[in-house]
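After the C-alpha cells below, expect a handful of questions from me.
Order of writing sets the labels: A, B, C and D. Residues in every chain begin at 1.
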Amino acid sequence: MHEIIFEADTPAGKMFDVILLIMILASVIVVILESVRPYQLAYGTLFIYLEWAFTIFFTIEYIVRIYSVYKPSKYITSFFGIIDLMSILPTYLSIFFAGTHSLMVIRGLRLLRVFRIFKLANFLSESQVIINSLKASRAKIFVFVTFILIMVSIFGSLMYLIEGVQNDQFDSIPRSIYWAIVTLTTVGYGDISPITPVGQFIAAIIMISGYAVIAVPTGIVTADVMRSVGNKNKKVSTQVCRYCSLEGHDTDAIYCKHCGERLNE
Amino acid sequence: MHEIIFEADTPAGKMFDVILLIMILASVIVVILESVRPYQLAYGTLFIYLEWAFTIFFTIEYIVRIYSVYKPSKYITSFFGIIDLMSILPTYLSIFFAGTHSLMVIRGLRLLRVFRIFKLANFLSESQVIINSLKASRAKIFVFVTFILIMVSIFGSLMYLIEGVQNDQFDSIPRSIYWAIVTLTTVGYGDISPITPVGQFIAAIIMISGYAVIAVPTGIVTADVMRSVGNKNKKVSTQVCRYCSLEGHDTDAIYCKHCGERLNE
Amino acid sequence: MHEIIFEADTPAGKMFDVILLIMILASVIVVILESVRPYQLAYGTLFIYLEWAFTIFFTIEYIVRIYSVYKPSKYITSFFGIIDLMSILPTYLSIFFAGTHSLMVIRGLRLLRVFRIFKLANFLSESQVIINSLKASRAKIFVFVTFILIMVSIFGSLMYLIEGVQNDQFDSIPRSIYWAIVTLTTVGYGDISPITPVGQFIAAIIMISGYAVIAVPTGIVTADVMRSVGNKNKKVSTQVCRYCSLEGHDTDAIYCKHCGERLNE
Amino acid sequence: MHEIIFEADTPAGKMFDVILLIMILASVIVVILESVRPYQLAYGTLFIYLEWAFTIFFTIEYIVRIYSVYKPSKYITSFFGIIDLMSILPTYLSIFFAGTHSLMVIRGLRLLRVFRIFKLANFLSESQVIINSLKASRAKIFVFVTFILIMVSIFGSLMYLIEGVQNDQFDSIPRSIYWAIVTLTTVGYGDISPITPVGQFIAAIIMISGYAVIAVPTGIVTADVMRSVGNKNKKVSTQVCRYCSLEGHDTDAIYCKHCGERLNE
C-alpha cells in the first residue's frame, strides 16, 4: 500500500498519483469558480456537494497515508504532511466559521507533487539547483531585504513630510511607506503618486535607486546559480522511505540512507 | 527553382527574398492601418483589394514552395511551413467569418526570415545561442513558472478573503489572481489595487517577493547563456536541403547531413 | 563598560544589545503610528511621553558611548556615531520646529546593528560581499546613471515638444523628464501618459530601451559579485576597538590591527 | 591652443574644460526652467538673453575648435563634433521656426565630456567596458528586439480581436500594440487595461512572458560583460590627436598611433 500511495515507480502507484493530481486540480478549480458571483448563484449547491466529496476523499487519503508509514509522526510533520492536513481542514472549519473554505486553495500547494508523478526525475534535480542556490543566497538576500525595508521607511517618512501637506494621498507614514515599496519595486500602481515638484524629484531618486538596486540580488543569485550548476547534477529517484519518509534517494539505492529501511524495488 | 525560393546565396535567391520581405512588411502594415477607424473609412476598399493581392501572391508562393521540394510533407509540417499556411488562411476564412482577417498579423512571424535574407549568418548563430540557452533552461523555467502560478493562486485567494469585503475590485478569486500576477510581475496597472491596511501589507510582501524572485530566472538563464557562449560558435550557411528542408548546414557541407541529398552549390 | 555597550560577545553585551534593539524598533513603531490620524487623536499624549522617554534613553546611551571610548572624535565621526546623533536630534529640534520629529524614523538605520547583535558573523561577511561588489562597480554605475540622466533629459524634452501641445500633462520639461524617469525605470504610475500616436510611439521606444538597458547594470554587478565571491570569505568577529572604533577584526585577533590597542577577550 | 581646448592634462586645459562644463550645465538648466510657465512669465526676457549669450559662446568655441585642428573635417564628423554643432543650431533655427529652441537640451549630451575633464581616466576605461560589452551583444540584442516586436504585434492584434468589441480602449491594432509593449516591459500605466476575463487571461500570459523574457538580454549582457572585464583594462590618457582627433591614447604614447602626429606632452 505504501508503494502505491507514496511512490510513482510502479504502474499502480503512477495511476494513483495521476488520479490524485486530477482530484487536486478539480478541487482547486471548484474553489476558484465558487468565488465568482454568477457561477455561485447558478451552481451554489453543486459546489458545496463537490467540496464535501473532495474533502472526504482527501481525508481518507490522509488517514491511509498515516496508516501506511511506520512512523506517522515523521510524515505528519513533513512538508507535504502539513500541506495535506491544511488542505482538508478549511472545509471542516467552514462548519463553524464562514469564509474559511476559500483557504482550500492551499490544496494547490499539493500540485508540487506533479513533479514526482510524471517521473520527471530531471525536473526534480532542476528544482534542486534552484533551491540550493536560494539556500546559498539566503543570508545575502536577508541582508538585502533588511536594507530595502530601512530604505523604504526613510523615504516613506520623507515623502510624508514633503507631500503630506498638499497631497492627502500621503496622509500617514504607513501609507507613504506602502507607496515607497510600490515605487522601489517598479510596480507603480498610480493610486498614490506625488504631485509637488520636490516630491516628484525624490520619487525620481527612489525609482533610479530601485532600478540600479535590482541588479544586486540578481548578481548574487546568478553567482550562486552558476556555482550550483557547476556541481554535477545527480540523478534522483522518486522513492520514499516507508519508515522515515525521506525522499531524494539515489537511483541505485536499496536501503534508505537515513534509517536503513529496505526501499520498495 | 528551389535555389531561388529557399536560399539566399545566389543573386536571384537574394532578390526573391528581398521582394518577399517587402511584401510581408507591406501586408502587415496594411492589416494594422485597416484597424484604425479613420483610415478604414477613408481607404476601406483599397485595403480590401491590397489584402487580396497579397494573399494571392502568398498563395502562389506557398504552392511553388510545396512544388519545388521533394518531400512536400516535410516542408508543410516544418515551422516556416505552418507559418506560411497560417498567413494566407485568414483572408480566405474572412469570406465565411467576419473579423478573422486581423489574424493576418501572423504574417509578421514570417519576418523571422529576415535573418536569412540579409545573409546575416552570424545573426543566425547568435539566435542559436539564445535558443540553445533557452532550451537548456527549459526545465528550470517550467519549475519556476509552476511555482509562480501556485504562489499567485494562494496570494490571490488570500486577498479575496481580506479585501473582498470592503473593496469590490477584489470580487472573485480569478480577478484577485489576475491582480496578483499584475503585481508580482511589477506591471502594476492600478486598475485593481488594495485599499485596506492589511491588504496593502500583503501587497507589499508580494511586491518585494516579486522583486527578489525575478533574480532567479535571470541567474539561471545567465548561467546557461554563459555555457552556450563558451561552446565555440560554428559558422552556419543559409542553404536549405531540397529533400528534407533541413536548415543550418555547415558552410563547407556538400551533402545534407540528415538525408544525404546533394545541396545547391 | 566598553565591552557591554560596543560588543556582543559576552552575555552582558548581548543582553544590552537586545534591549537596545527592542527600544529602537519600539521607537520607530511609535513614530509610524503617531502619523496615523485616528491613532494620534486617541493616544496623542501617550505618544509624546513615549517619544521623550526613548529620546532620553538614547541620549544617555549616546553620552555613555562617547565616554567609554578613548577617542570620542573617532566614534562621533564614524557611520554609526552620526546615525546615533541624528536619531536623537529630531525630538529636541521638535521643540523649536514643528514636523521634524517625523525624521526620527532615521532611528531605523540603527537597526543595521541587528546584524552584529545576533552574532551573525557570517551575515557580516555576506554584507561585505555586497558592499565590495558595489564598491567595485561604483565607477561603472556612475557612468551608467549619468548616461540615464542625459537620456531622460533628451526624451523628456522631445515629449514636451510633441505631446505638450495637445496634452496638458506634459506642460513643462521638468514634468516630462519626471515622466521619462517613471517610464524608463518601468514604474509607470499612469498619472502622466502620452495620448498622441507619435507620443505613444516614442514612449514605446523609451520602454524597450529601458527594458534592454536594465541588463547593463545587472551584468556589471553580477560580474563584480562573482569576482568578490571568488575571494574567500574570511570569518569576522563582532569586536570593536576601544581606541579607534575599528570593526571587522579577525576571530583570532588579540590586538587591533589599526592602532595596536588590546581587544576585549 | 589645441592643448587648451581639446585636452585636460594641463592646468589651462583643465580650467577651460571646467568653465565649459559649467556653461553647458547652466544652459541646460535655463532651457528646462524656461519651459515652466510661471518662470517663463516672470523671467521670459532674461531667459532669451541668456540663451543667446550661451549660443554665441558655444559658437565661438565651435569655430575655435575647427580652427585649432589640422583636419577640421575629421572633428566635424566625429561624435562630439556633431553634438557640438547640434547644440548651437536650435537657437539660430528658433529665429525661423517656433519651438525648436527646446531641442537645445541636446547640449546635455556634451556633458559626456565630464568624464574627461575630471581626469577620470579610469572612468573612461569603465565606460569602455560597457561600450565593448554592448558592442559584443549588439547582434544578439538585435535578434532579441526583433523577436519582441513580432511578439507584441501578434499579442496586440489578438487583444484587438478579443477586447475591441467590449472595450473601446482597444479600438485599433496600433493602440493594442502600444498596450502590449507597456505590458511586456512591465511599465503598466493602466491608461489601457483589459476588462474581459479572456483579455485578462491573455494579459497575464504576456506579463509572465515578459517577466521570464527579461532574463534573456540580462544573461547575454552579463556573459559579455564578464568576458570584457576579463580582458585587462588598459590605462587610457585624455590626450587628443591634433591631426586626426583620435582619443584613447596609451599613457606612454608620444605619437598618435593612427596618423603619426606628435602628441602634446
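Everything that follows uses one rule, which is that a contact is a pair of C-beta atoms (placed from the backbone, for glycine too) under 8 Å apart; a residue touches a chain by one contact, two chains touch by 3 or more.
Note that the coordinates shown come from a computational prediction; the quantities given were computed from them, not determined experimentally.
Peer 1: Find the chain most remote from chain C, comparing centres computed as mean CA coordinates.
Peer 2: Following the centroid criterion, the farthest chain would be B.
Peer 1: Would you indicate which option in B-D, B-C or A-D repeats the interface seen between A-B, with over half of the contact pairs matching by residue number?
Peer 2: B-D
Peer 1: In degrees and to the nearest 5, what turn takes the CA positions of chain B onto those of chain C?
Peer 2: Rotation angle between the two copies comes out at 180 degrees.
Peer 1: Note whether the interface between chain A and chain C is symmetric in residue numbering, meaning over half of all numbers used appear on both sides, and answer same or different.
Peer 2: Chain A and chain C contact each other through largely non-matching residue numbers.
Peer 1: For chain A versus chain D, what separation do you get between their C-alpha means, in angstrom?
Peer 2: Chain centroid spacing, chain A to chain D, equals 43 Å.
Peer 1: From the C-alpha centre of chain C to that of chain D, how far is it in Å?
Peer 2: The separation of the two C-alpha centroids amounts to 30 Å.
Peer 1: Scan chain C for residues touching two or more other chains and write them down.
Peer 2: 144, 174, 186-190, 214, 218, 220, 222-223, 226
Peer 1: Under the touch definition given earlier, write down the residues of chain C that touch chain A in their complex.
Peer 2: Residues 28, 31-32, 35-37, 99, 102-103, 105-106, 108-109, 111-112, 114-115, 120, 122-123, 126-127, 129-130, 133-134, 141, 144-145, 148, 174-175, 178, 181-182, 184-191, 214, 217-218, 220-226, 229 of chain C touch chain A in their complex.
Peer 1: Flag every residue of chain A that touches chain D in the complex, lowest number first.
Peer 2: 186-190, 218, 222
Peer 1: Contact residues on chain A for chain C in the complex?
Peer 2: Touch residues, chain A against chain C: 139-140, 142-144, 146, 150, 153-154, 156-157, 160-161, 171-174, 177, 183, 186-190, 193, 197, 200-201, 203-204, 207-208, 210-212, 214-216, 218-220, 222-224, 226-227.
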